[in-house]
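The next part holds the structures, each set out as structure tokens.
Here chain A shows up in two complexes: once beside chain B, once beside chain C.
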Partner chain A sequence: MSAHQALGGRIFTKPFLVLLLIFVVGLVFMVERFSSGMGAVSNLNGGFAWGIWVVFDVVVGTAFACGGYALAFMVYVFNKGQYHPLVRPAVLASLLGYALGGFGAFFDMGRFWQFYEIFIPGNWNFNSVMLEVGLCVAVYIIILALEFAPAVLEKFGMHGLLKSLNKVLFFLIALGVLLPTMHQSSLGSLLIAMGHKVHPLWQVDHMQPVLALISALIMGFSIVIFEASTSAVGFSRKSEASLLAKMRQVIIGLLSTFLIVRLLVLLVQGKLGLIFAADFASLMILLETALFAIPLVILLSPERSSRGSQLLIAAMCMLMAGSLYRFDAFLLTFNPGPGYSYFPSAAEIMITLGVVAFEIMAYLILVKTLPVLHREERAL
Partner chain B sequence: MEIELDYSSIEKRLGVTRRTFLKFCTGVAASLGLSSQSAIAMANAIADPKKRPPVIWLHGQECTGPTESLLRSEQPSMEHLILDLISLDYHQTLDAGAGHSVEHIKKQSMLENKGKYLLVIEGAIPIKDKGIYCKIAGETMLDLTLEAAEHAAAIVAFGSCASWGGVQSASPNPTGATGAPQVLKDKTVVTIPGCPPNPANFIGTVLYFVTYGKLPPIDAEGRPKWAYGRLVHENCYRRPHFDAGRFATEFGDDGHKKGYCLYKLGCKGPETYNNCPSLEYNNVGGNVWPIGVGHPCFGCSEKGVGFEKAMFNELSDVKTHTPPNMFPAIEVRESSSGISTGAAALTGVAIGAAVGATAMGARKLDQQEKDQS
Partner chain C sequence: MKRRDFLKATLGGTAATLCATSVEARPNLEPAPQAVGMLFDSTLCVGCKACVSKCKEVNDMPPVIDGDKTTWDSARDLSDQTLNVIKVYRDGNATTKDSEVDGYCFEKRSCMHCVDPGCVSVCPCTAMRQDKVTGIVTHHPDVCIGCRNCMVGCPYNVPQFEYNKLFGQIRKCELCNQPGVERINKGQMTGCAEACPTGSTLFGPREALLEEARRRMQLKPGELYRYPMGDITRPYNYHEKIVPTYKQHIWGEKEAGGTSVMHISSVSFDKLGMPPLEERSAASIAESVQHSVYSFMALPALALAGLTYTVRKNTRDHDEGDDQ
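For the complex of A and B:
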């Protein structure tokens, strides 16, 4: 008997119908984007070639999807088997997050029909950060699909195939740890490549990959907590706060490393003064740092971190902190030169929301029909 | 172990500083796509006088363009390098001597260096009527080529004429002019086509030969892949205009003034393999090469294109993507319309929903925990 079970229950619940409505509105604009072009739906321009489709769907979205990465690290690298119940839902969320991140990038590609070229080795430019990100993400989506495949195989009773997959799964999991390490840090390297357009507070020379990687791991752990909390609330399952609370040591380590590296690098590069320049960028970095610091305060207290509600608030803060770090660097304080400005259009936002709604709908359907969530102990 | 060579002899011999010399070697290695270690290997090969290969240089039907372009190259003392890098035993344009004496030196050198000398052929070889249309010292170019090729270590055809016939072979081709590879069918001939060819492509190939004792990888036409591996079109700085459908249609029209793609003026870049866009000409920088100065490429280095197709009135046969008939409109936008009410509302709702849901969730979790305890 599998340790996982399908949740069952009705699929067309009220929240699902709301999500469906958002998705349908988004879909209308998606069709318009491909029929009439990017200019028809988005506010992208010559200076801001990357809007929310890239910054939210890809840069933030794949960091949100790092739950599978973070847990794979914990369970398989540090051999913390007790977290195993959290792995499958996290891998599913990662798969959906990455797949839709890739899908989101498609909207932003001016000549999306030439995308296949990335799979032709003869065309590779090994100096390109984008190539690393693009290829690595494409391969990781396949790896995630294979990591999640046991759930599908169990559902349809294909035990022979499941057995042979389990034999090579250790290799796939190793790749599943390696690949995100590569491309999540490369997402930071993109900032290096953008040079002086990135605000000095975020253009911390050559430390961007480290910061991107640590914050992606922080967001990965946060999303695990977030998912476990929301399924506890939404599906009225037993709270997994006790299990989640044990992760706090790791998260505390990551959060303090991030903050120390962040401040130390600003200090060494003589940019600390910019924090107090009382402009938009200084406000943003203060907000960002506060969002990283609040969860640290919560997690440092064992009493607080044993409560599910505090954990959820900490997780939400970390998700917002990581997102804001990315948004600040790529969009909010990004300066492509005089004369350029950008704020996403309503249609552009609806496409992104539609993608997110689709992601949540797919997650809901799959946990209800496939053995994803861990069998609850009291049910045994 | 290889002994570290002292480049001071080079400084004297070539009249260049060590720094300039090493910069040159690194540049050549880089344009060949080799590592920086190869640059040192090349430098050592040049510094080692024992490695200088004897060179026999033949001229056929041509304008001496390749030699002229080589001599006028402005790279630091390139003519020094080429003349000191190799032992130029016979070259009809550059030989100080004349008449029987130089012919004698040539025969002697070929005999002494049997199987070791580098043969460079410049100019087309007429084969009609047993090659009587081009004679040097009473012998036909055809015979001279066959004789010199017999015991050559390597053969390089320099320029379009030697590579495939060039302008001489243009219709009606009264002398039956052909390139060296067609005459020397059973030998490997490296071709460096171009009219004139870029001297850097020749220097790079020769340096590779001197350093490694073999010729660089070549394609089916005998062209070194490092120089002729890509279409002019692929690396052309006007390519974005091609892809966007912005063409100059007449010399001096609005599109031409704005630097649009020259495809509709008959540019043969899309079917010509050469590295002009990245190397340019004359080493002066500033985009000096035909397309860079507003003239369509006429495919001088490509057999069947240069001297064959009409320069302006014939469109090239695009080897990559053909341009579509319809192009999407491209508007130049600086800033968007600003924050619309709808967009601001949506952003607020999305962030608000996330924060609100978290608050609700936290309350519910507290409730659950209370119920359980």
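For the complex of A and C:
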């Protein structure tokens, strides 16, 4: 018997209908984008070729979807089997996050009708970081779908297929750890080639992949805590705070490494003074650093981190910290040169919100209909 | 594999990567053997925009009209309909030509045809290519997915996307050698150099142009100089003019690996809106990082082998645990 069960219950709840409304509004603008072109709905321009569709939907969105990655590391690499109950919901959230990141990349693609050109080996430019990101994310979406497949197979009683899948699952899990390590670091490497356009405080050259990867893992662990805490409240399930608190050693390690590396790089590059330049960029890096430091303070105290509310605050700080780090580097302090400015249009924002609403709706439907969440009391 | 062994292996791999980065760092690319380009001398430009008009004719693009200025093409910057533009620098009362203070001057913007082009380096589908012989950077929309990485990867914001079309494409100056035009292959010069009435835009081999630029740096302000017009290898005419006080700076000789389209001026380039570039190209740093991690996919393959072993072992442990 499976250790997971479908939550059941009504699908069309009030929050669900609100999400549906947001999704429909986004859909209207999406139709506009695919009938009149990007110029009709977005404020993208010659200097800001990447707006929130790339930066939020892909760069930040896939980092939010690193829960499956972070947990796979804990459970299967560091052999912490006690986190097993959290794996399946995390894999589902990752699958949805990445799938919609991939979809975001598609509607942001200027020449979407020939998107397949990136999959043709004859076209590949091995110098391109974007190639690595594109291919790696595409493969990872398939891997996540296969990792989640047992939930679907269990539901429909396809035990033969389930058995075969379980035999190769270890290899899929290994790939599921390797691929995000590759593309999450590469998402940072995208910044290197942008050179002077990236503010000096965020242009850390060789260390871009390292900072991007560590912050992606931090966000991955945070989203696991966040999801577990909110489903505990939202679905009135037992709190998993005691279980989550044990992750704190790893997160403490990641947070302190990130802060130390960030500081050391700026020191070596001779840019520390810019932190105190009292301009917009210095304000942003101080805010960002505070958001990384507050959860560190919370987690360093065993007493604090055993409390669900404190843990949730820490998780939210870390999610904001990682997001802000990406937004700062790619958009907020990005400077292509004189004559260019960017603020997303209402339509751009609505399309992005529509995508997020769709993601949450899909998550709600699937946890209610498929065996995703772990049984509270083990039926023996 | 024990957790400690795994950590050791991972740390070892990381250390090897970091060492490899410093050893195998890719230097800037060198100019193509027969690189062709242009030399723009801002002090010769009178702002007539004949080059802008000629460029539109060659590329079959409409004029851009700014407000009620309908008499001429009033494009203010590069766009999907303007691949070459003349901009104006003004300071104070703007009375003296080529003076930084209380002066004005003109500056050209078009593709710089970088020696180490960022757009070519970042393009996932090889839709941006650099000719191995001429160094000309061309765009090939047939394989382009429209990710626009070339736009963010260009230090000069040269590639421009046709946002206002549903089925748009990237547009950029291809040094008049794009399919259907091929002026360079036919032995002609670029349209803008041909149209320039003062020799401000001069076409030719990059080496010869660089030599000419260095010669002008050595000229004494106030003396007369015969400026060649058109193609430096066979000027169709000369323009005799008093030598201005040049800034001792040839833009494109070294910036980010150098460019085939070079600029000289008597107003400093930061005032003319040129980006703050160092000598090393960003593309070379990005490629160094990428190739040290992904060289022959050795590191990822090694990591996958280690992960597969560890995960297989640990999933077995879990299964046994479940059975008890």
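The definition used in the following text is that the second predicted complex is superposed on the first by the 377 of 380 C-alpha atoms of A that agree within 3 Å, B and C clash if a C-alpha of one lies under 4 Å from a C-alpha of the other, contacts with A are read in each partner's own complex, and residues count from 1 in each chain.
Quick note on the criterion: contacts are C-beta pairs under 8 Å (C-beta built on N, C-alpha and C of every residue); 3 or more make two chains touch, one makes a residue touch a chain.
Keep in mind the model is a prediction, meaning the values are calculated, not measured.
Participant: Have a look at chain B and chain C on chain A after the superposition and call it: clash or fit.
Facilitator: clash
Participant: Applying the document's definition of touch, where does A:46 land relative to chain B and chain C: first, second, both, or neither?
Facilitator: Once the two structures are laid over each other on A, A:46 reaches both partners.
Participant: For A:316, using the defined touch cut-off, is the partner it touches chain B, chain C, both, or neither? Pick first, second, both or neither.
Facilitator: Touch partner of A:316: chain B, not chain C.
Participant: Thinking of the overlay built on chain A, is A:159 touched by chain B (first), by chain C (second), by both, or by neither?
Facilitator: neither
Participant: Does chain B (first) or chain C (second) touch A:37, or do both, or does neither?
Facilitator: In the superposition, A:37 contacts both chain B and chain C.
Participant: Could you tell me if A:340 is touching chain B, chain C, both of them or neither one (first, second, both, neither)?
Facilitator: Both: A:340 reaches chain B and chain C.
Participant: By the touch definition at the top of the document, which applies to A:173: first (chain B), second (chain C), both, or neither?
Facilitator: Second partner only, chain C.
Participant: Who touches more of chain A, chain B or chain C?
Facilitator: Result: the larger residue contact count on chain A belongs to C.
Participant: For the combined three-chain arrangement, which segment of chain C clashes with chain B: 171-179, 243-251, 297-305 or 315-323?
Facilitator: With chain A aligned, chain C clashes with chain B through residues 171-179.
Participant: Take the contacts of chain A with chain B and those with chain C, and give the residues found in both.
Facilitator: 37, 39, 44-47, 111, 339-340
Participant: Over in the complex, which chain A residues touch chain B? Could you list them?
Facilitator: Its residues touching chain B are 37, 39, 43-47, 111, 229-230, 232-233, 236, 238-239, 241, 307-310, 312-313, 316, 320, 339-346, 348-350, 353.
Participant: Which positions of chain A touch chain C when the two form their complex?
Facilitator: 34-40, 42, 44-47, 49-50, 75-79, 81, 84, 105, 108-115, 117-118, 120, 123-132, 134, 169-171, 173-175, 177-178, 181-182, 185-186, 189-190, 192-197, 205-206, 208-209, 336-340
Participant: Mind listing the chain C positions that touch chain A in their complex?
Facilitator: Residues 3, 6, 21, 76-79, 118, 120-127, 141, 143-149, 151-153, 155-157, 160-170, 256, 273, 275-277, 281-283, 285-291, 293-294, 300, 303-304, 307-308, 310-312, 314-315, 317-318, 321 of chain C touch chain A in their complex.
Participant: Touching residues of chain B toward chain A in the complex: what are they?
Facilitator: Going through chain B, the ones touching chain A are 243, 328-329, 331-340, 342-343, 346-347, 350, 354-355, 358, 361-366, 368-369, 372.
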